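Each of the two complexes below includes subunit A, the first together with subunit B, the second together with subunit C.
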Partner chain A sequence: MITIFINDAMKQVEQGASLTKVLEQYSLENDIQLAAIAVAINNCVAPRATWHTTQCQANDKLELFSVVAGG
Partner chain B sequence: MVTEQLTSTASGNKANSGTKALSDSDFLRYSRQVLLAEVGESGQAQFANAHVIVIGVGGLGNLVAQYLAAAGVGNITLVDGDKVEVSNLPRQLLFHDSDIGVNKAVAASAKLTKAYTQVRISAVAEHLTATSMQPLFKLDRQYDVLLDCSDNFETRQLVNRIAVSQNIALVSASAAHFQGQLLCIEQQYKPDSGCYHCLFPADMKVNQTCQTIGVLGPMVGTLASMQSLMALQLLLGNKQLVGNLYRFDGKQFSWRQLIITRDESCSVCGQASHYNECVTSAGTANQNQHEY
Partner chain C sequence: MLTIADHQFQSRLFTGTGKFAQSDLMLAAIAASESQLVTLAVKRLDLNTGSDNILQPLRDSGVKLLPNTAGARNVKEAIFAAHLAKEMLGTNWVKLEIHPDPKYLMPDPIETLEAARILCEQGYVVLPYVHADPVLCRRLEEVGCAAVMPLGSPIGSNQGLATETFLKIIIEQANVPVIVDAGIGAPSQATHAMELGADAVLVNTAIASSADPVAMGHCFAQAVNTGRQAYLAGLGAVSHQAHNTSPLTGFLNE
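What follows is the complex of A and B.
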């Protein structure tokens, strides 16, 4: 297991876990729709198409946010 | 007396071909801006020679249009098909009770034209659609900056496709509840940053709109001020903000800055995309649904 941070909260995930797997688990635990999430890793946005090929590393800082469309 | 023809020193945008001199009265009016080393007389001339287009004249667009007109941006096109409603008045500060029922672009244009006589402001009283955009975007790089002040995700996707296909710098702001987002994209300057669609794909689920969860006027105003500042920086040739997403939390008063990354498979700006085809086909599919 490795330690990562999701929105500043510490979390243990499997070594080599893909971003898709981590986000699916997080969305289930927090009742969030996966389709409503954008994510940045260490301050760089990870496009959705790269989630399944991106492996989380120890101490990665994930920032999850949703789109704001109002104006 | 300032009579010489002023030319721009910044690179990359249409304003550089500046031909408008700074008059004595303009020099007085904009003296606090001209005092800035980053602006000076040449920067003020760049503002005067610039043409920006504002999509949506609601909470964001009201203030953005006013800030840019007050700063001396010479040509401003306002696009909105909505009419003023009483629920708009707490945050759309150009409008008053007497404007209710009037088209927003028309009402804002009339007030700003009266207040800022040196600025040319035009109103397009239509929602942005694949059809209505055609006469607005006839020429490549017709505008120096495209400001997305719309209030729905579909329009934001269309604005992004236009920015990519027309090679226009896009400054997009949004606000709802106590969350705000601001980003700047310019394909020609920083293609690795991708586009709005790389960040927020069109099939993404949207939960936050002002209509469903509410918003405070100063929350929208904060984002509008930052959006205006970003547009002025771009007009001055300052591109260091391009490719960044800024997220504002209006409860904690915190800003977070992220780097936007290009999605190589993006259907709008990715390698496999065909910019103009994207604009036409996607816009046509949605042409009856874009409102802001």
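What follows is the complex of A and C.
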């Protein structure tokens, strides 16, 4: 297992886990619609098309974003 | 018909989605306003507050979504927000706004111009929110912005067209649509902006903070339409002196 951070919260994931797998697990745990979010890894936007080929590394900082009301 | 980039709009009223008491009220007010373009913001997911769940109903309503970069304080943050929004919404349209000062929310012209240049190069349809600065608006047009969005007065202030003199110059010079954004607090002010020749206005607070947002949305729809029709009809000339509209001596035999 390795430690990563999702929106500042520590999380243990399997070594070599894909971003898709990590996000699917996280979305189930937290009732999030993955279709409506964007993800950045270490301050770089991770395009959806790369999620399944991206392997999480120890100490990666994932940030999840969504749209909200605004002017 | 208003055309921005390759997209046509029948309504010249754009609306923001912020500050409404409830999502249902926001959706009803937007429907009443007949707006076809609405703004949204990008925010880091907060598990404690949950999501607004506004995206799907907005998509279902058929309006075009315009994500903004509010919260960005510089070029880098604005580009990051635009990239996130594109991932989330699948749109390359972005309302570019960079206002580091939280008190007056004045847009930073230097950061905005540079971010606009980069985002245009990356293929984004950029609609920058700026002060009513005619020189800056020309520069933004030169770097490829699809429209310019000069402010009437500070965001959310409902002060109306404090920048009228400069809006007139921007409208006269622009070769891209001019959308008066921010500060429009009453339908009469929206009418006035349209009478000046603005291509569209963006309204949020005036509708959202009304006691009856749905009725106010409808009022703004009428106001924008009236202002546009008046502009097309052509306003009469303004004169310092009086000019009689009736014969003054016809029945007195003087």
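General remarks:
Simple rule for what comes next: the second predicted complex is superposed on the first by the 68 of 71 C-alpha atoms of A that agree within 3 Å, B and C clash if a C-alpha of one lies under 4 Å from a C-alpha of the other, contacts with A are read in each partner's own complex, and residues count from 1 in each chain.
One rule holds in what follows: contacts are C-beta pairs under 8 Å (C-beta built on N, C-alpha and C of every residue); 3 or more make two chains touch, one makes a residue touch a chain.
Bear in mind the structure is a predicted one, so any value in this text is a computation, not a measurement.
Once subunit A is used to superpose the two complexes, subunit B occupies space that clashes with subunit C. Once chain A of one complex is fitted onto chain A of the other, the partner contacts of A:Thr50 are limited to subunit B, with no touch recorded for subunit C. Touch criterion not met for A:Ser18: it reaches neither subunit B nor subunit C. By the document's definition of touching, of the two partners only subunit C reaches A:Asn7; subunit B does not. Look at A:Gly71: by the touch rule set out above, it reaches both subunit B and subunit C. Shared-chain residue A:Asn30: touches subunit C; no touch with subunit B. Within subunit A, the residues touched by subunit B in the first complex and by subunit C in the second are 33, 36, 38, 40, 43, 45, 47-48, 63, 65-71. Chain contact summary for the complex, subunit A toward subunit B: residues 33, 35-36, 38, 40, 43-50, 63, 65-71. Residue ranges on subunit C touching subunit A, taken from their complex, read 16-20, 23, 26, 39-45, 47, 51-52, 54-56, 65, 67-68, 70, 80, 83-85, 87-89, 155-156, 202, 204-205. Touching subunit A in their complex are the following residues of subunit B: 56, 58-61, 148-153, 156, 173-176, 179-181, 194, 198-201, 203-211, 215, 220, 245, 247, 256-266, 292. Partner subunit C is touched in their complex by these residues of subunit A: 7, 30, 32-33, 36-40, 43, 45, 47-48, 63-71.
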